[in-house]
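All remarks here apply to the structure that follows.
Naming follows writing order (A, B, C, D and E), and every chain is counted from residue 1.
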Amino acid sequence: MKVKYYCKKFIAMLLTLLAVSFFVFAAFEIIPGDPATSILGTNATKESVQALREEMGLNAPFLSRYFSWVLSCCKGDFGISYSYHIPVREMIADKLPITLTMTVLAMLMTMIVSVLLGVFLAKHTRSVWDKCGYVVNQIAMAIPAFFLGILFTYLFGLILKWFTPGGYISYQKNFVGFLGYLIMPSIAIAIPKCAMSVKLLRSSILTEAGKDYVRTAYSRGNSTSQVLYRHVLKNAMIPVITFWGMALADMSAGSIVVEQVFNIPGLGRILLSSISNRDYPVVEAVIVLIAFLVVITNFLVDLLYRKMDHRMQDGEDLK
Amino acid sequence: MLLEIKQLTIEFHDHLVPETVVKNVTMSMEEGEIVGIVGESGSGKSMTALSVAGLLPRKDMKKKGEIWFEGQELLSLPRKELRLLQGDEIGMIFQEPMTALNPTMKIGKQVEESLYLHRDLSRTERRELALSWLEKVELNDSERVYESYPHELSGGMRQRVMIAAAMVAGPKLLIADEPTTALDVTVQAQIIQLLKKINEKNNTAILFISHDLSLVKDLCDRVYVMKDGEVVEHGKSEDVFYHPMEDYTKQLIAAIPVIDLEQD
Amino acid sequence: MKKYKNFNFIMGVILTGLVVLIAIIGCFYTPYDPDAMDAVAKNSGISMDHWMGCDNFGRDIFSRIMEGIRNTFLISLFTVAIGTIVGVLIGAVTGYFGGWLDEILMRINDALFAFPSVLLALVVISLLGTGMFRVTLALGIAFIPSFARIVRSEIKKQVTQDYVESAKLMGAGNFRIIFVHILPNILPVLLSSIMIGFNNAVLAEAGLSYLGIGVQPPDASLGRMLSEAQSFLFSMPWYALFPGTVIVIMVLGFALMAEGITQAQMK
Amino acid sequence: AGDKAEGTSYDSITIGIPQDLEDSLDPHIVSAAGTKEILFNIYEGLVKYDAQGNLNAAIAKDYVISEDGLVYTFTLRDGVKFHDGSTVTVEDVIYSINRCADTSNGDPLVPAFSNIASVEAPDASNVVITLNEPDSEFLAYMTTAIIPASNENPESVAIGTGPYKYVTRVPQESITLEAFDEYWGEPAHIQNVNLKICANPDSIVMELKGGSIDMYARITDSQAAELEGSNFNVLEGTMNLVQALYLNNDVAPFDDVRVRQALCYAINPQEIMDFVSGGQGTEIGSSMFPAFAKYYSEDLNHVYDQNIERAKELLAEAGYPDGFAFTITVPSNYQQHIWTAQVLVEELKQIGVEATIETVEWDSWLSDVYVDRNYTSTVVGVDAPQLTARALLERFTSDSDKNFVNFSSAAYDEAFANAIATTDDAEQTGYYEECLRILTDEAANVYIQDLPTFVAINDSIGGYEFYPIYVQDFASLYYIDATVEQ
Amino acid sequence: MEEILKVEKLNVSFAQSLKKNRKQVLTDVSLSMKKGEILGLAGESGSGKTTIAKAILGMIPIDQGTITCNARTPQMVFQDPYSSLNPAKTVSWILQEPLRMKTKETAAGRVEKVKSVLHQIGLEENLMNRKPSELSGGQRQRICIGTALMSEPELLIADEPVSALDVTIQAQVLQLLKSIHEKKQLAILFISHDLRTMYQFCDRIVILRNGQIVEEGKPSTLYASPKEEYTRLLLQSAGIR
């Protein structure tokens, strides 16, 4: 039953989001500091903190706070930021495009470059190209995006002056400039992932090339490239797509560090600052949003996967 | 003479010691003839067949001898020209129906691929031809099969799809490498029947490879017996079956379970 | 071991060995006290005395890298170890047995996966206090979900194979089937995840020092040095380059070793 | 921001700031120093500091203090406009002062306002404030911002009377200010001020050099060194705060005065300054920084000149001949404090004391250290919101809510009470000096320095002024070329 | 002779993806085996032969019916020689595993046993250290038989054990099974679609169609006078009639 399958997926998704939000709530119960002290800063005294907590409704029991939050979320209301006094929804709507654009750029680069390179290397196995490619690939896989960011800043920013480090341009002001600025960070994120998918694709193509159906394809008079593009590539892409799904989820959740290096005010920055400001409504919304993105990505990959590989049985999980 | 293999020798070089898997094999086939190759596992049957179909791996191996097909020498033919023959003049059916089909490509596309590569036909013409071949191999639900993926078909159906795909461009020579081992007896019988029919109707020559002598006896006009890469015996299949000359052939025949219903 | 005689494995062992060797030497001997400050040598460049120059406190960068390797190495090693061991346990149990336990654990797992490791680290640290051990624990916990997920799906694939049934017929217990029969088969996948895990662990540790909850100063860690060096990128680029390169070598060593083992397995 | 690099537009400037204005835009509630220094440009009180530390009339054009020091009469300047266009009325003044004097939530927002007996407006241009007790420093608290009574959301809608008005903000990205056309005083030179949040302190030099910001007010000495030879001027001033190793006087071993003194003898502020601030800071010996020329005394700096032998002796007397171990909790968002702590750790090793650093987030610091006082020692800087000694010294009275070091000295409490009570300036100064001496003698904390601050500013911009309090004045900035053209 | 296996009214069905109802695979299957008997199970592809085998060994849940198995350590040779050997282990390790489970044999003793079994199934000792991926299909299938025999079972379920082998080796393996059957009173449930082989090998044959037993009897009588049309068809396609 297709409908039943999607229902099941949907419920699982909701459960995941609930669990995530519960964890966030629980996390803030545990870590020291609270919004009241954060707001009062050095004016804080025990009494004033208590008074403010009372005013903000933080003294209500944990579960009742949690449930009322979940309820208002269901109505699409994520509350008001404690630090900025503006609706959390607006704040996120502002930041989401930044992180999303960066992720999508990085993902596009990863996909395009890795397919081109992967196919190229697979075509030229055991050539000098392949060997050089292998070495470069291994190294690229080992460089943390963080270090790459620093290297780029130094090389392209300070020495070659191709871009202004930290000179982030807001997308509302200048969209082209914005995209231009995001290119470097996107490359920094993309390179390790790209290297991994090149490797995966290359070996996957070679594995597929050894399969019987390839011989069948040759027996019909296909040339090597025809076999590669008409037959092998689609099959070889299946494991790569799974990897891409994970990579995408990884990127959207793990943009924090790269945003920090390149001074990009995206979701990661908001998350970080609101964690340290104990801005509960924002943290909760951002984390649930990221979880949502992760879950949605998984779901989309799942769909794509099914489309490509009809052997997939409903109800089976991939990854 | 449709096909002539002269002194074919195949050596593998991917191990320390070169391994000769086919030694001085000489065979010939007339147009419209069904010729069988039998022999135990690893005796070089598939290698011989693959070399005719031009599908031997190109690396790490040495080929000697000549293979003449319709006046062309296949072993020295450039890859480009060989491609023109593959699928068009020479069709091939493989041993494993499970893995020999592309799992992510619709059956229809796979069946008509030879047409796509060798004939200048419109999409609908290709489709018509493919459907008609699917029906000829007794896949009666041909429209559905055309739109299916391999995993949606049973083993027997897939093997028939393989035959349809090999035959669709009307090759002169069909190479069938153990096409029935993976199938159960009922389906096996049907496939043999089918091959016979194709041979009669289209006058397609069939090179039939099997380790089942009794099958070969029923189907083939002539038979070659291979052992350790060499042809040890050949002749009319009846002759070889009832009057084997070589010890090895005798062993092969003795291994066939005999059912003597009269005795009980 | 004789099976792993391939180039990758040997290179991996050499690189990792080099790094480990430096770390071990660093326990007993460093050219300078890594914490000792020297006003004269402040921000000094590469010289005979200081092979990699000095940082803004005049501390010898080479000595600090020796110390940093040790800390980073231990942190990432144990982080990955915790992630792997617990992840494999959870993934194996859920993948092998399935059922409602699987459902529940996987929902929790997915939730944890989306949960930023920074926040998780904050929680662990607030519960247990700071320190290298706790940081490692925090990161380790953050690493569990991805391992659990990979192992689970791999085990699910293996369970359909007849050899598992065959092992049951022989009378092998579930535990033995999971860990002796199935696990070696998912090793290649596991190894490559471990390698990716190493990369991420170094990164995560560096990320935590941004927040001041990683390795505590004055102790050195490669990630911390790298982030500190960012301020001096213009005047002393080598300050960033050295720890960064060491990280790459370390991760590369692991990656090559994993690759080598995988190749030997696949052969 | 990027288009500024061509040098064509003189009407805007981009200024980097280390963190967003995260707590509030409400001038009465706001506590983060980083926010206050920006809000200085938006809000004004009845009186206002200038760069020399003088209190000048602002919204009030004049004021009279009665002989007994109990009645303050402020005459409002005519036609002072709020940023929303409305005129400042006496009601707004009374509203603002009452808001800060409100005690319904415990302490009033401005502690000194607990002394206010009444606020009245006899007519439309005069406000009379009556105190319970005379307070010679009360005027300084009249810098408290005047906000319109009609503003219902002061925490998000900033309406003041200052030279710049708040336009818009993008969280964690930027804040835009615009010169206020109807400002009563000398208008700001530069029309638009973009405040850009540079969350990563490590990339500031790159941003400056890359031209994405024109000015950054709080760079470190090493960053200043990196800017040498670029098109940036680096101005040096002081941060006006008391950086010290604050000790929790309630926990062992710091409940023993000898131990605290030993620590004081062990450290060398000059060495710390050499490492942390390029040798540029100003040494301090008590809770007072040099901007308060009146109270700051160099003598106190020499009470504990580095003397390792003496330190060891004191430790031995206190029963720690082999030293001890303790933890320094440092807020992780202040790099200088972390650096200082690292040098301290090294210096304390000389007397056998093993200190370990524990960096915590600012928020954890606030709740654990500042509010709950659950710590052993910490390195931070304490500033003065008003230019009064009271602002710095009140926190060390034993019953103060803000006495996070748990300092307790009857003599101190008495001296402080005397200082507050007296109206005689010389007498008051004497009492405050006594307070400072007590803090030093009792070694309440290990005093280190008033940190230097380096302001990097594009060399096409002039007019930057250092204030003796923690503020940034954008109104005085101007483009040098622009003025020449005019 | 005592009964070693008794299956009564066995019903098995599988859940189907995309469809609501379950697919009935076995319907009211009843069969029994005596100690030391070779029972043949024949039927076309998909008739449920493998399902019966797996149900007997408890590998799939059954809907209805009873299965009583009195045999000590029943073993199975799986149909797919590719997935039934652990790809990560060597031949020697795989063959030793049952010994590790059931006996307290020393390592050296185990290796000796492995060698003798390899000999029995007609494989060379030098295969011992290879991985399954380095073996041919026939060799794999023989290793499977070897592993099953290692446990010294009383009942062996052999699911098309010789289908991947060529005729000469087929005969050899069947000979091996037969000799063990004779020596150790091994009962064998022999699943195949090759009616020719079964004729010689089995004591009794059960014909399965669409999950139901249509006919059963001694090979000679069954082949000589099949009662069901389906049996006749099977025999015909095998070229026997």
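The rule we apply is simple: a contact is a pair of C-beta atoms (placed from the backbone, for glycine too) under 8 Å apart; a residue touches a chain by one contact, two chains touch by 3 or more.
Everything quoted here is computed from the prediction, not taken from an experiment.
Comparing chain pairs C-D and A-D by the number of C-beta pairs in contact, the larger count belongs to A-D. With centres computed from CA atoms alone, A is the chain lying nearest the middle of all the protein shown. Centroid analysis (C-alpha atoms only) places B farthest from subunit D. Work out the mean CA point of subunit A and of subunit E, and you get 51 Å between them. Chain centres here are Cα means. That of subunit B falls 90 Å from that of subunit D. Within subunit C, contacts with two or more other chains are made by residues 122, 126, 211, 230, 233-234. Counting partner chains per residue, subunit D has residues 200, 203, 206, 209, 333, 361, 364 touching two or more of them. The multi-chain contact residues of subunit E, meaning those touching 2 or more other chains, do not exist; every residue touches at most one other chain. Those residues of subunit E that touch subunit C in the complex are listed here as 54, 57, 59, 73-76, 78, 80, 83-89, 97-98, 101-102, 144, 147-148, 151. Partner subunit A is touched in their complex by these residues of subunit C: 106-108, 110-116, 118-120, 122-123, 126-127, 146, 149-150, 153, 156, 196, 199, 202-203, 206-207, 210-211, 223, 226, 229-230, 233-234, 237, 240, 244, 247-249, 251-252, 255-256, 259.
Put simply, subunit D touches subunit C in their complex at residues 200-203, 205-206, 209, 220, 222-223, 225-226, 271, 274-275, 330-333, 338-339, 341-343, 345-346, 356-361, 364. Only residues 160-163, 165-172, 181, 184-185, 187, 265 of subunit C touch subunit E when the two sit together in their complex.
Put simply, subunit A touches subunit C in their complex at residues 12, 15-17, 19-20, 22-24, 27, 30-32, 138-139, 141-147, 150-151, 153-154, 158, 192, 196, 246, 249, 253, 256-257, 260-261, 271-272, 275-276, 283, 287, 290-291, 294-295, 317-319.
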